[in-house]
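Below you'll find the structure, written out as structure tokens, and then a few comments.
Chain nomenclature is as follows: A, B, C and D, assigned in order of appearance, with residue numbering initiated at 1 for each chain independently.
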């Protein structure tokens, strides 16, 4: 598949950004143990980090490029052993859900301990709620006095089996910019990579405050 | 508006410093999610970080330059999308309060979790108090045995609406070098950027000790 | 002892990797105070970090090279004082146990506080158990619903005296990829350095979740 | 005062090391808010970081050089404002105590929260004690089963007034490589900068474990 010059430039920038940001996320404990992931829309295409690789050591050539329906257009070049052959993220259908249902420009998945603990404050709760914190204003459509509600869905044995629940939660909570997965982590998106990252940071902070309170 | 050579040199140095320091503050969790901010007086002018941008990824060209009454003299050049057009910080009148009422040389605003938790130790307290800690000596005018008192004001829906309360607190607590904002964060200033940063670090440490005790 | 060109290339890469990874482990608090260690199999040889040195400041020339029976083939060059003469890790027989009994490709030893606290949750427990956490899937042969069990052995005055207990634990828990040592830390291995590091990160995360719950 | 070539080389190396190590200590929260400090013996001279400066932003030219009786031989060159004129550390007589009474090769002072909390576990205790932890072996003369005891002295309004108490504690606890100061921090030394740093890391870890237990 041949990309246009504009598509090449846009996907190259997105590939570089994903590597750079995942390095930062690793230092924050969000993507250790090859967990978590990130995807950015570039022009009309989608750039996505592979599954099961060390997220803080990725290079741009490791990234997949998909069309906007989620079909793989460009496979990354395999690295020599002991690196495993590149594998599209199990999160792929989950990332696609945010692109399709919310018109997102970027999606992130974090295994942050703060997110996991937020799902265990009340192990049977189906929502995480927080209010009256300045950082709530970092979540689109939310003010300081608003209830910031994030749906919590139950985890499944395989990540791809989460898709239906995640899609349902996204539809049921139109104001939320994230979905928590019990004992697993969180999916966060935004109109742009900047908003996705900002909202991921704000949510993580809110999860942490609630846990410390 | 044309700056003198001295003003250009001084503001350039301040712009560079704000970028460098905000990067460090980000790693400490003070300015995540585009929150927090910083301003430094340079010659007779004021350099101020913009609002709603990723504080750890700013470049000198992103900074505003204001005169000492707080009027914008130089607007930063807009970056291409997905970056938003530059916007003067909502904190601007709050930063100006410290410049005007205290003759500050620099002002910082942090969303540090330690600061927020310090306002929740007693959710109705109007003061945070700590004593008998070596790090108190890092706060101007304070010795080891002194009570180090920081006023706590209630948060508002919009940051600019905090101005009156903040000004009142600054006047009522002439020994304090900081004002805490409930469920929001802290404003800290100093005669120079070095003192502002030093005091911000000392206060944050004091907030953390009190929380761990 | 003369290495082949292939062996030289493989051991050089392993030496470089150990230095790089130990620097990262230091920032995570796993190898402070000269504690912890790492070893990687390279071609048919074994590269091993020395004992009692600052793990975050090692250079490739500090590494030992052993044959697959654990005999030293290449001693590192001594650095001038105040550096101490190079000493093979006391962990050496422990690392060899994972190579021999599990066919490991790399072994790590961490003094992480999370690991130590995991052995103190119940100070008389001989196993650490965790289940229903996504990060369990990062441990070879484990799914989300599996019990992830790590044997805990008692510590001894000298590290080399741990060997029998460690070998016994490795044999008794064929599914485990790690052995905890009470009030000491953890040994983790994997088929490759990537898997060893990934599993070390996953285990550490699991230890931390259990402690926070 | 003219240094010999050997003295110049040795002090230059020590100056560089202090800057490098203090940067690392800052990231660990040991020397924030201009607190803490470090000194290294170089040849027959003593290199010492100045007081009241940002420890993570020091350059070699900021260092004092003293003779082995503690007299200043070389004053650092003053930096232009807003930097303050260089001032010898208030810790100077405290550092000298470890050089004189223990023949130390390096001394460190940290305001680590772990150290402060260790003095507050029992606010009237005059000793911190820990045993049965592998990291105790990082403290000279201590084995795994030994009691690792660190004397705790009460803080004073001015750092220099601590000298008598510190000297007394050093003499009364000949096995200890550190002295804790209540609500202040810890002094740690060693035969070389490597041992001083190693022991500082081990003690800090031991303080943290005790607090988490």
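One rule holds for everything that comes next: a contact is a pair of C-beta atoms (placed from the backbone, for glycine too) under 8 Å apart; a residue touches a chain by one contact, two chains touch by 3 or more.
Keep in mind the model is a prediction, meaning the values are calculated, not measured.
Asks: Using the touch definition from the top, what's the fewest steps needed to get from chain A to chain C?
Replies: 1
Asks: Answer with same or different: of all residue numbers used at the interface between chain A and chain B, are over half used by both copies?
Replies: different
Asks: Relative to chain B, which chain has the most distant C-alpha mean position?
Replies: Ranked by distance of C-alpha centres from chain B, the top chain is C.
Asks: With centres defined as the mean C-alpha position, give me the chain B-chain D separation in Å.
Replies: The mean C-alpha positions of chain B and chain D differ by 31 Å.
Asks: Approximately how many whole Å separate the CA-defined centres of chain A and chain D?
Replies: Chain centroid spacing, chain A to chain D, equals 44 Å.
Asks: Would you pick out the residues of chain A that each touch at least 2 other chains?
Replies: In chain A, residues 27 touch at least two other chains, as defined above.
Asks: Line, ring, star, complete or other: which describes how these chains touch one another?
Replies: ring
Asks: Can you work out from the touch definition every pair of chains that touches here?
Replies: Those chain pairs satisfying the definition are A-B, A-C, B-D, C-D.
Asks: Spell out the part of chain D that touches chain B in their complex, as residue ranges.
Replies: Against chain B, chain D makes touches at 27, 29, 32-35, 54, 81-83, 111, 113, 116-117, 120, 155-157, 181, 183-185.
Asks: Using the touch definition from the top, list the residues of chain A that touch chain B in their complex.
Replies: Within the complex, chain A contacts chain B at residues 27, 105, 132-135, 138, 143-145, 191-195, 197-199, 201-202, 204-205, 208-209, 212-213.
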